[in-house]
Structures are given as C-alpha cells and as structure tokens.
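Heads up, the next two complexes both have chain A, just with different partners, chain B and then chain C.
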Partner chain A sequence: MIDAVLVMNTQGKPRLAKFYKSLSPVKQQEIVRKVYTGLSSRAEHFCNFVEADEIFGAGTKLVYKHFATLYFVFVIDSGESELGILDLIQVFVETLDSIFKNVCELDIVFNFNKVNTVLDEIVMGGQVVETNSTEIVKSVQEIFKLERG
Partner chain B sequence: MDYLFQRSLDDLVKGLRSQAAASGESRYVAKALEEIRKEIKATDPHIKAAAVHKLAYLNALHGVDMAWAAFQVVEVMSMPKFSHKKIGYLAASQSFTDSTDVLLLITNLLKKDLSSKNEFEAGMALECLSRIATPDLVRDLTQDVLTMLGSSKLYIRKKATLVLFKVFSKHPESIRVAFKRLVEKLDDRDSQVVAACVSVLHELARQDPQPYLLLAPELYRLLVESTNNWLLIKLVKLFALLMPLEPRLAKKIAEPLCEQMRRTSAKSLVLECIRTITVGLLDNTEVVELAAGKLQEILAASHGGDGEDDDPNLKYLGLQAVLDLLPVYPQLVTQSKSVIISCLNDVDPSVQMASLRLIVSMVSDSNLADTVQILMRYALSAEKIFCNELLSSILSTCSRSFYELVTDFSWYVGVLGELVRVPNFEQGKEVERQLVDIGLRVESVRKDLSRLARDFLIDSSTWENSHIHRVLAAAAWIAGEYVELAGDLFEIVEALLQPRMKKLPPSVQAVFLQAVLKILVHFASAAATAVDAEVVDKMVTLIRENAGSLQSHVDTEVQERASNLFGLISFIEDEAGSGEMLAGIREAFAKDLGPVSQFSQQRVVVPDGLEL
Partner chain C sequence: MEQLKTIGRELAMGSQGVWGSSKEFLELVKTIGEAKSKAEEERIVLAEIESLKRRIQEPDVPRKKMKEYIMRLVYVEMLGHDASFGYIHAVKMTHDDNLLLKRSGYLAVTLFLNEDHDLIILIINTIQKDLKSDNYLVCCAALTAVCRLINEETIPAVLPQIVELLNHQKELVRKKAVMALHRFFQRSPSTVSHLFPAFQERLCDRDPSVMSAVLCALYDMILVNVKPFKHLVASLVSILKQAVEHRLPKSYDYHRTPAPFVQIKLLKILALLGTGDKAASENMFNVLGDILKRSDSTSNIGNAILYECVRTLTSIYTNPRLLQNAAEITAKFLKSDSHNLKYMGIDALGRLIKITPECAENHQLAVIDCLEDPDDTLKRKTLDLLYKMTKANNVEVIVERMVEYIRNISDNHYKTEISSRVIELAERYAPSNQWFIQTMNQVFEIAGDLVPQKVAHDLMRLIAEGAGEEDEDADSHLRSSAVQAYLQILKEPKLPSILLQVISWVLGEYGIADGSHSAEFIIGKLCDIVATRPGDDKLKGYVVSAITKICAFEKAAGQTVDLIPECVSFIEELYASHSTDLQQRVYEFHAVLKLDRDTLASILPMDASCEDIEVDKDLSFLNSFVESALANGSRPYLSDNERRGMGAMTTLASNNDAGTSSLLRFQPYEKPSIPEPAAALVTASHYSQDAIDQHDIYSSAITVSTSSKAPESSSNDGTRLKLEGVQKKWGRPTYTPEAQVPKNPINISDSVKVSSSAAGKEASSRNSSAPPYTERKQPPQEISAEKKKLAASLFGSKAGDTKAKPAAKLQQNGTSKKAPAKPTSPPPPAPAPPPADLLDLSDSLPQTPSVDPVDQLADLISVDSSAATSTTSLVEQVFDAGKVATKGPSPQASLQKDAVSRQVGVTPSGGTNPDLFKDLFG
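Let's turn to the complex of A and B:
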C-alpha cells in the first residue's frame, strides 16, 4: 500500500500532497515537515530509502528521488517493493516531463490541477493502477481535452 | 458577483508567491479564505467551482481546513460541466472523511457517474470511491462496480478491479457476492487488469491469507506465464503470504520462482523472490543456493570498489536480504563480513542501521566479546544518534533472555564501565537497571561491581554528562548494598558527600544519602578498635559538614533521608548501649535482596474473604 505521495522543494515547501489515509490537515502539514526533516539531511550518494516508523507507523518507508529543486516522495508499507516504487517515481517524473516539456518546479507550482490528474492515473486509493508512461500520457491528454470543454 | 473579478487559482498561487515572509503568506491565505467564503455561496457555477478549487489547493498545500464546505463541494461535484465536476471530485477525495454527513447525498451522484458512457468520468467516480468509501456507500454501489468489471474498456476494468479492495475492506459481506467476480479478473485479457486483481488479492491476503489459498493453481499459472514485472512482484509477495499455510505449495512453486529469478533483469523482482524464499523455501537447498548466488551478485554490484561507484540502494536492500537469509545461509555473512562491518561506517544512516541489524542477529555466545568490541569501536567515532543505536544494541543483546549470551560477567561489567565513558553516551537508565540487576543476580561479580561503582563515584569528571546521573545512582546503591566488598569506606563516603553531589537530581541525591547511611551503619557497628572509633568520628564530622544543609532540602525524599542519617548519627553519639541496636539495623541491611519474578504476584494466595 502507498500511504502518501509528496512533492516538496528543497526548502520544504510542499508542491503536491496526496494522502491515501484519512488525516486532518494539521496532521498532514506536520507529516510534511517531518518528511522534509528526514530528507534534507541526506546527501546525494545516500540510498533512496528512509525508514519512516516514527512518521507513518511501523514498517513504513520513504522512497524518494531528488530532481533539481524537488523531492518526489512515495510513502510505502511492507506491501510494496522498494525498487519497484523507485521505478514508479521515475515513470511519474518522465510523464510530467513529456507533458510539460522538460518539467521544472514552476510547472508543478502553476499546474496543481494537471499534476494531480497525472498522479491519479498512476496511483488510485493507495494502489498502483498503471505503470506505463505512454498509457498514462494518453489518458491524461484525453482528460485535459475534456476539461477544456 | 461578476466572475471577471474573482481571483482564479492561478492568481492565488501568484499572490502567495509574491509574499516574502511567512507572516505575509498566512495573512494572504486568511484574506483568500475570506473571499472564498463569499464566492462559494454564489449561484454561478463557475464562481462556485473556482472557489472550491482554490479551497482545495489551500487545503492540500497550506493545511487549511475545508470540512465546513462539504455541502458546496457536493454541489460542484453535481455540476454538468466536466471541468467543474472534476474540481468537486478532487475536493471530495481529499477532504471527505467517514464523519462527513453530506456523504449521504452523493450516493446517487456516484451511481450516475459510475455508469457514465465517458470512461474518464466513470474513472473519476471510481477514484473518489477508492478514497472516501464508507460502508453505506459501498453497500449501495457494489453492484455498479461489479458491472464495470465487465466493461469493454480496459481503463474501466482496471480501475474497477482496484476499487474492490476498498469495497471488501469497508463492507466485508460483499465478499460473498463479489469474490467470484474479482477472481475472474485473473483471466482478463489485459495484463494491467490481472495485475490490479493480484494487487487487490495481495492487500486482502495481508489481513487474512487463508481464503486465498484456493487460488493457488491460478496464481501458479500466472507465475509461470507472466512477463509483466509489476504483476510478478505482487504475485511473488502473495505467495509469501500463502506458503506458510500449505507446505506443499512451496515445493510446487520452487521451480517457476527460480525460473523467474534466473530470467529477469529486474533487481526489484529478484529481491522479492529472495524475500519469498526466506519465508517458505529455506529447506530447499537448491533454491537457497540460487538465491544466495543472486544476492552475492547484488552485493558485488553494490560495491564499485573505492566507494566511487557504490550503488547505495543495492547495498541497503542487499544487507536486508542477507539478514533474511541468515538462518539458512550464514555463509553469506562470513563471505561478506568485511563489507558488512565497513557498512557500520557508511555515510548513509539507512545503510548503517541495516548493517547493525545484521551484525546483531549474527551474535552468539562464542562471538559476543568480538562483536561487542567491534560495535564499541565504531561507537567511539560515530555521531550521536548512531552511536547510541550501537550502545543500545550492545545493551539489549547482552541482556537478552536474562543475559543468556554472557558467559563472563566480570568482562560484561567491564563493558558497562567502558560504555559509560563513550562521549555521546545517553543510555543512563538502561545501564542503571542492568548494574543493579546484575548485582542482584550474580553474586560472584559483586566485587567487580563495587570496584566499578567506586570508580564512577570518585572520578567526577564524567558527572558532566547528565545521562550519567542514573548510573551514579546505581553506583551509590551498589556501594551501599555491597558495603562489605567495598575497599576504603571512608573514601567512598567522601565521594558520596562531595559538594558536587548537591548539583545532582534530587532522586540521585536521595540514593547517595541512603548509601552513606548503610555504610555508616556497617562501619559503626563493626568498629572494634579505638582507631576505628576515630574513623567513625571523622565520618560523622564529614557527614555533618557536607550533608547538614540537606535536612532542609526542597525535595522531600532528600530531606527525609538526610534526617534519617542525622537521626542515626545522634543515636550513635548519644546512646551508650547503641551497639545492639546498630547490630540489629546492620542485620536488616545485610539481608540479600534478590530479583523478583514477574509471576510472583500470581503466586500470592488471596486470603479468604478478600474481594479484589
């Protein structure tokens, strides 16, 4: 199970925050801060996994990737494969890349709606629904078309 | 209100970014919230939807509560325009909880959207259901979801399949009706749907694996035939849950599992296979050999040489996997011993912890001393948090099962002494507990403990570290309790009453005073010669000088013990025949205290007539 997906910048400002467990907004902000604390002390050559027992409960881990000014974080429990989820983060970022043409933090800041749409095509209710970037882009473009009306 | 003047989400974002300070930002958010509260009441759908959109943004990224707007969210969800509806659904998914009352209103809305001809609208409704489903909603909508399992569109089938997990979780009775339909998806023509199905089965099996055992033949077929990596990962994890229930299952899947391990280039799958093997196939030597071989490859790949091309992920996951295989393949550890130990020094805390866990699990009574030495060495140079992880590991490993692994307690007492002097030491409470515990249990080592206690009390340079204070309490207790084994009693009393002790926490001071009392009783009652009597006088003078003020200490315990002490002194000095009394007190203290079994209370017979 994926407990949460977070995108935050290297100053700790959240750019995307989706929780697949019911938590109050106050608790969510607290978690974002704790995750940031856990990640900001890590150097580049450290592994992409951090045990998150104190933040999300026993057996949970943060799987994260650092791209430029952003951290992409998937919070998982023991039901997920760490390397598998790491690949999934790659898929997420590549999808954003092809939609926004070399995505940068600003794209994510000004496209709250679109980024959420992309994520919803990858993870649904804490489970992975699609792993193929091409498929995801196809669905997402259809949805954008419908939104334009 | 004309919507031309309404701030859009874009404007909101721009506005927030233009705020320099955090205080400016929260003022801006408050202002935006005021505007939203007005706009959200508008009848114009565009205005209402934009307001909800902004609110959802603030809720997700700025912790703003939006439970008060639940009704308006439902209104927006019901709007005909797709872009508006989508905003409503986004807001609902992230803000509705089990206690949101308007949930009663959306059943029909969801029903309608679930059956929409537009697959993306239906998908939206499924997504929302997967996040906010309540037992009532599920009960009313199960049939609709089941119908979607038969859709001609892959998009619908895969999402509907995934939602079944929520359906079964929130409304377990639905399993009776829907289980068969879920299982049918194992035969779906599209592998994404099959993957979704296996994913759901796996999540359900994590809570209770028994009902899914009967699917083993189907799952076996998939294990043999599938090439979808994600599907295989979930499948292998599912087998790990099923194998403990049926030993023959392990034998059956051994071969296809190995085949997948051999064929795949995905390390993610290899590691999951190894994990599954450690759950149910550890008695199959061929399989274990293969797994160990693959793990060797992974560990080798993780070490580029001089730390340059290291793959930290493979290091971390590799160490975890070695730990899992340890029971049957300890050779792996000996073969990679130096690598594992060097990982204690790794810059990455995750790798350090994985390595520590592995080392601790390799401990036996024959290698305990060496292991402790290694851990201690690394603790000296480690930074605070990991240093204490190392020390804590030493303490818990050695004290495990009433010190089962320790053969030489004299050595262990020495270890405890060394531990306390490690620069970042913070394990005061545990060391205190163990020192006293060992004193109670291991008579032969009480002399070593006394010596250690004396060293701690005399060398006050270590007193700076506040974590030492509990250890000092233990030291004082030991000095007082095993007073016959102590060397120079006067020296110890001096140490216990040095001016510095007044800076210690009251609870520690109280123990110090009690120890002085015990020592004084012991010494005074044994004083036979005139020389001895002189020393008693010196002791009494010392106590009067240094501990006098403690009789009026703020802390009641300290006050009381100081008073007891002075009471004893006046008794010794005034009573001519105090010898007998002193001997009596001394005898009371001489009785050996032993550890109390945790079952002792149960053994106490409840007297007749006592109602508990």
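Let's turn to the complex of A and C:
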C-alpha cells in the first residue's frame, strides 16, 4: 500500500503531507525532515526510488519525482509497483495541472483543500483508486460545483 | 529573493480573490512565506493560534467563517503546531447539513484526529447517518472519513451500513465501500473475514473501478492466507486476459497501455497464488506469455508491467520458455540508460538467479557498472544482489566490496545491516579461518560498536578452538598469526572497544604462546590498549585478565616477571576502581602472582580456554577441614532456613562452614571469602588500612590458606580463576549457579559501558608505519581490465578452472599428511581476484599462505573417516560450490564437534551459526 504522500518544496517546506498510517505529528515532522534530507542530496539523473527502511520500516521505498520547485513523494511498501507509482505521480500532477491550469507551488499552498480532494480521488486509505486524469478531474469538479452551490 | 518577489506578485493576484479564500488567510500564508527564520515563522503562527483560539470561541460564529477558521487550523497544524483546541469545532462541522461544510468538517477531522482519539466517538453517529444518506456525495465523504477514523472497536458500529453500500447504485460508492472494508481488514482481519464471498462477488462488478478496488483488498488478504482464494485463479486469469486484450473501457488506458494498474495488481496476486502450485501456475502461463509479448517496453508503465511479469514468473512454478523471456527482459532493463530501469533490472536479476543461477553470468559487466554507480540506491540494491548470489567461490570478492561500502558510509542503519550481512556471509562461506579472522577484524574496525557482542565471542572461540580437531600445529599457527595481525592492527588509531576486547583476550591467551614475543612486550601492548580508552571499564577487565594470564604463564614457565611501570600504575589505579568487577580482578591478579610455580601451572595452564572445567559442587575436598573443625568444637552447619528458625542464633562458627557459601546471595562481595572464610574476615577487618598493607594481608592470607590446605583446595582455587578466563568471556550463564562465580562480569560491565573517549590515542597512533589496511585501497588503474577481473571473480568458476581444481584436490588427498599448498581457498577462478584484495594480509602475516589450517583439516578428515567419502565431498564442493547442503562434513563430525563444544561450555547458544563450522571443516 501507499503509506504516505508528501509534497514538499525544494527548501524542505511541506506543502502537503498525507499519512495513511497513524503517526504522531512529531513523528510526521521528523519523517518529512528525513525524507527531505534523503532526497535533496540526490542528483537529477539518479533513479527515482530510495529505499526507506530506516524511515518507515522494512521494505518501504520512496518513489519521488521532482517538478520545478516541488518534490512529490509517495512512500510505498512492497505491495506497490515502483514504476507504476512513478506514473501515478505523473497522473497526480497532470490532474492538478488541469484543475489549476498550469499548477505552481502557490496553487498547492492556497488550495490545499482542493489538492487534498484530488488526492482523495486518487489514493484512498493507502490504495490507488483512480488513475485516469480526466475521470479525476470530472469528479473533483463535480464536488467543487456542489460546494459552491 | 527573486523567488520572494514572484511570490509577492502572485500573492497580489491572489488577494484579489482568485482562490476564494479570505484576505486574512492569504495574509497569513503570505507572511509565513516571507518569514526569514524559523523563529519568525514560529512567532507568526503562535499569534495566529492565539487569535484563532479567541475567535473560534466567540458565540455565533457564522458557519462560513467557522469553516475558514478550521482551514486555518489545519494549516497551523500542518506547520507542526498543536491545534487541538479547535478539534471539537471540526467535529461539530461534520454534523452540518450543508454538504460543503460537512465535507470540510470531515476533511479537517481526518487530518486532525487519529483513530484512537477520544472525539471519534462523537463522529460515529454522524457517520452512521451519512452512510445512509440519499446523496451519494455525502456517502462518499463519510466513507472517506471511515477509512481514517474507525478503529477496531468501532468497526461493528458502521460495518452493516458499509456492507449494504456494496450494492449501491453509484459505482463510486461501491468502490469506496470496498476500500473501507479493505481498511477494516488491515485494522482487524477477523471483523471482515465473513465477507470474503462479498468481495469475490464485487470482483465481477460491472464497473471495472470497483473490481480494481477489490483487487487491492484481495492482494492483502491473500498475502495473509492464500488458501481460501485458490479457486479464484481462473477468474483472475480471465480478468487479466481481458485487461491485456484491451477489453476494459478506454478510460482505463494509460499512455495506450490497457489498465496497467489493474494488470500490475493482478500479476502480484497471481504471483502469490501460483507460488509452489503447479496447477495454478499452468493456468497462468498463457496470459503471462501474452503480456510479455504485448507489453510495450518503450514506456515507463509498460516496463512496470514487464517487471511485474518477471516477478510473477520467478515466484510461480517455473516454465523454462517464459523464464527465458524473463531473462531477456531483465537483460534489456540492465542495459538501459535509465537508472530506474537498471534498478528494476538488478532487482529482477536477484529474483532470477534464485531459479537459474547461471543467468547472472551474462550480465556481469552491467552489474559491476551498477555497483560502481554513484547512485546510492542502485549501489545498495546491487549489494543486495551480490549478497544473494554469494557462493564459496566469490565470497572473498563480495565481502571485500561490502566492507569497502560500509567503510565509506556514515549511515548507522545500513552500516549495521550490511555488516551483519558480511558477518553472515563470512561465517557461512569462509574459505579459511585466517580469512574469517581478518574479515571479522575489518568489520570490527569499521562498524565497531554496531556489531553485536556475540560476534566477538564467536571470533574468540574460533581462535581458541582453532580448527577444533587434533591438529595442534595448524591451531597454534592460526593463533600466532592472529596475534601478529592484532599487533599490527593495534598500530591504528581509534579502534572500537569491541575489537580491543577481542585483541586483549587473544593477546592474553596466546600473546606469548609461540615464544616470538616477550611477556613485557605483550603487557606493554595491553597497557597501551587501556591508555587509548581510559573510561572503558569493560575493556579494562579484559586487559587485567589478560595480564594475569600472561604473568601466570611466565611464572609457570619458571621465569620471573617484572611488571613494567605503566602496568604497575595501571593495576594500582584499579585497586580503587568504582567497579567491583575490576577491583576483584586486580586482587585476584595479586593473589595469583604470589602463588608458587606449580600451583600457577595448574590454575592457569597454557592454552586451556577450551578445556572442560570440573566443578565439585559438594565441595567434598573441604570435608577433612569441616571434620577437624567439628572435632575442635565448632557447631555443625545450619542451612539458612534452619538458622532463621533459630532466630538470631547465627554464629560465626556456623558461618565458618564452607557449605554456607552456596546460600549467600551477594556474591560479588563475598567472593574472596569463599575458598577461605578466615582470610576474608581478616581482609575485611583491614579494609580501612592503606592499600599496600591491605594487599599484603590479603594475599598472604590466601597463600597461607592455600598452603595450609590440602592440595585440592588450591585446585579449587584454580577452577575459579579459570572460570574468570573462560566463562566470563563467553558469557555462558548456565555456569554461574553451580560454580559460584560472582555475577557474570559481562553483565556487570555492560551497565558501565562507557562511550569511547577520543583522548589518549597517542599510544597506539605513535607507530603509524605501514598500516596494513590502508594500502589496499589503490584506485583501479585500467577500468576495463579491472572490471573484467572483478566480473570473473564474482561470476567466474568457468569450466577450465573447475577441471583443474578437482585434480589438485584428489592429489592432495592422495598425499594426505603433507601440508598442501593452499588449494582449498575458494578457487580464485579467473586470473585471481583484483589486486585490491582485502584478504591480502601477507605483509603482516608472512607465513600465511604456506599452511592453511583448513587444508590440513581436510586431510585429517580424509584420514580419520573413510577417505572415499571425503574425497567425493570435496569434489562435490568444487563442482557445486553453490549448494551449501553438500558442503558440510560428515554429520558425525559436526555432531562430535557440537558435543565437544557443549562439554567445553563455550558454545554461546545452540546452533547459532552451525554453518560456520560446517564450512570451516568442509
């Protein structure tokens, strides 16, 4: 399953942190820090997986992608496919992009409720529920419409 | 700065309401964004918390406003501050009828609360109500919250509603209901175990999204128990087939790959179902072959499927043709430029070689490339792979690589992990004792205190027992080379405590055994060791014992021992040590020095650390003493209980009876008095006197007592002292009760473990000439040749070599008794391992290669038992180094060995590393 989804900027500030396992806030902060130090030292062409036994327990991996000023990090266990998750990140970002029209870090900062909604449509309880970007956009828009109405 | 300006600009746009939040919130985000220090951010957030606290409690906050406050709380909490004062308002908001507010409430609650929070109970009711709502969006919101908030106890409260929702008309709701039940399964499998049929029914849902959600749940359930799901293989295969053949709706395509996530999940499930099940696996072969053919290896997701397929193929019942395909795909991955694919390739290769070990050979260079890649993830993965493919013939190279890796990383977690692997490999495949000892030394040196104590004990035992058979020559050679190696190592600065302990023990036990070093020299070295780590009590204990032994050996051999000044001052210091263990050791040391030659030889014989120690539990040797005491009018001994029964009648006379000691509990204090209570009394009464005086009395008391006693008593004394030397080191707890030895000293000193101090290194660093380990790190000069060599030694064992080897072996067996010229060492198959061979300690160990203990051992075995069997086993070993099972000696040999070590009482624990010996004797 997916243990956590983190979005943080290149300075290490968390922009979105969703954990699918109960962890105390202190622990969460620590994890965010560790993940950041783990990622920030990696060169661009290195592979997108980092084994994270130390941070999350045996068998877990970070799958991350670096977009402009943001790191999108999925923490997964052995039940997920690394390459698949890499594409899922792509889906997530594409979805955000089509919802915010050229998404940037600030969109995520100011609309974290929307971002959370999008993520909820993609990942639920640590499992992937939807991978089709247009589907996600459709259901998210529907929710937003209802909210406005 | 540039960035800040951009932020400012965009914020200016933002404040015009593009994002629909209030201006205040935007201000907050902006000021935090512009904060220049953590402290400033802290201040801003604290101010925000204060204002929120105030405003959230005002009566009649408009609901819209409340929603915003709660969003701000979420933000505050995300920045790491406590927002618990507002949780209740978020809970209240979930009760709201307005969908927008309700959803916000749920969102906040799921972010704020964990499943064990007290407030959850207040939400259950709302969730129950919402699950029944007509509006499917309300249902969905509630289901989302359920995943996060329901714990084991509250599952029954919502379970019926959720099961009902499995048949909801909206597929979105059905899907989320499946996911919620999946979550329940993770929390507490028993609560949903009766729902397996319902899950299977949903597998045939008309909407593929529901089906894929079921797959996720199934995967977890099958992971726990395969049995109840075996019958699903056919239907899962057919689903996979449909997916592969593009029969799922177009919307599931991703980059023109049909439903890749469904495929991947299915492949993972099939891998579980097909493990060790031939019938099930045969069902799958077709579709797996199809996937291999159809998947597009140019896209990322296509590769993900291919990799998954390889994984499945390697875990189910094997099919040679498909495995061949899998090997081709792996090869493609390994050759790819993408680090991601290389990583997957290495992983896939690791799985493939379990089934077809020979396939590794085709990818030698790719693997070595990965090993030398700067990317740490890749490197680590490759080390994993190497670990999996270690055999007797490449263990040296692989261990060398691993040691090199841990030498260069600082991460303790991986250091521990990899060094434990090195130890495991070394124990399992060590080509010779020499090599094993050297490898262990390196691990200790690098990973030092991360290595478990047990490993040190095993190492000491190995040195003590040597090959364990009758071949004393090889053993003593091994020991003297160990002594040599340690003397070399001591020249390096900053050695970890655990290694120093081993060194002290070895020097004490064997430092002067071969006569090439004088006692003064060794004692000097031992004192140097202590000087490097002034605060380490445990180490001091080891050193005192070692010095004691050396002095005893010297005296027993008829020489006089003049302690060097450093040693004297070291010992003097310890008389006043805070550690009772250390005090006791030095007092014993003094007592031992006063003994005469014969007594010494019997209490501390040379090289007897493995000898059996007989303990006379009944203290029968004291019988005559007791009788004479009784005859002289002493009272007979009364047990503790009897004495209690008699009130305060306890007398010194009864105490005098030696038998009393078996009941005393505070052994460390009482110990010195056990052999000779009278002496103890004297000592005790003189404790207040100055030190020298005290020693004299103490030791004279001991000597008097021992000489006045029958010889048995001194032998008893000897028993005790030897226990010091052996038992304590090995920490075998079973001895203590019978032998009356004071508390296991290792335990004592564990509590006093003092972290290494940096001071006082001059002693060992002053002679820094030619450190043996640094020079082997010469960089590879010609990469390609180097790599090829490495490849050869990793994957090697080509036909030519194997032919040559057995011949040598057979010959060797024929000539039997003569010391052969080291053929057993793992066939360095091709040109021989690269120059940077870490095993090459030949500098420090000049005679090393001439006699290999293992060889001689092999000879011995062949002589002892029937020559034919051992020959075949040796040949087998050469041909089939990979199979551990065939490598061992005859079972009798190992049984015998086991029996011996049991007798000796130094086996740390049953079967800790049987492989070690198996291979050493192979």
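Methods note: the second predicted complex is superposed on the first by the 149 of 149 C-alpha atoms of A that agree within 3 Å, B and C clash if a C-alpha of one lies under 4 Å from a C-alpha of the other, contacts with A are read in each partner's own complex, and residues count from 1 in each chain.
We adopt the following convention: contacts are C-beta pairs under 8 Å (C-beta built on N, C-alpha and C of every residue); 3 or more make two chains touch, one makes a residue touch a chain.
Since this is a predicted model, take the numbers as computed values, not measurements.
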Joint occupancy of chain A by chain B and chain C, clash or fit: clash
Considering only touches as defined above, state whether A:T134 meets chain B (first), chain C (second), both or neither. second
Using the superposition on chain A described above, determine whether A:P25 touches chain B (first), chain C (second), both, or neither. both
For A:E54 in the superposed arrangement: first (chain B), second (chain C), both or neither? second
Looking at A:L83, would you say it contacts chain B, chain C, both, or neither? Reply first, second, both or neither. both
Chain C region in steric overlap with chain B, selected from 506-514, 704-712 or 812-820: 506-514
Where on chain A do chain B and chain C both make contact? 1, 14, 17, 22, 25, 29, 42-43, 45-51, 79, 81-84, 86-87, 109-110, 112-113, 116, 120, 124-132, 135, 139, 142-143, 146-148
Please give the residue numbers of chain A that touch chain C in the complex, ascending. 1, 14, 17, 22, 25, 29, 42-43, 45-51, 53-54, 69, 79, 81-84, 86-88, 91, 104, 106, 109-113, 116-117, 120, 124-132, 134-135, 139, 142-143, 146-148
Show me the residue ranges of chain C that touch chain A in the complex, using the header's touch definition. 3, 7, 10-11, 14, 19, 21, 26, 29, 33, 71, 74-75, 77-78, 80, 82, 99-100, 103-104, 107, 111, 114-116, 137, 144, 147-148, 172, 175-176, 179-180, 182-183, 186, 209, 212-213, 216-217, 219-220, 223, 251-252, 254-255, 260-261, 264, 268, 300-301, 303-304, 307-308, 338-340, 342-344, 374-378, 380-381, 411, 413-414, 417
List of chain B residues in touch with chain A within their complex: 9-10, 13, 17, 53, 57, 59-66, 81-83, 86-87, 90, 94, 97-98, 118, 120, 126-127, 130-131, 155, 158-159, 162-163, 165-166, 192, 196, 199-200, 202-203, 206, 229-230, 233, 237, 266-269, 271-272, 310, 312-313, 315-317, 347-351, 353
Note: in the complex, chain A contacts chain B through residues 1, 14-20, 22, 24-26, 28-29, 42-43, 45-51, 79, 81-84, 86-87, 109-110, 112-113, 116, 120, 124-132, 135, 139, 142-143, 146-149
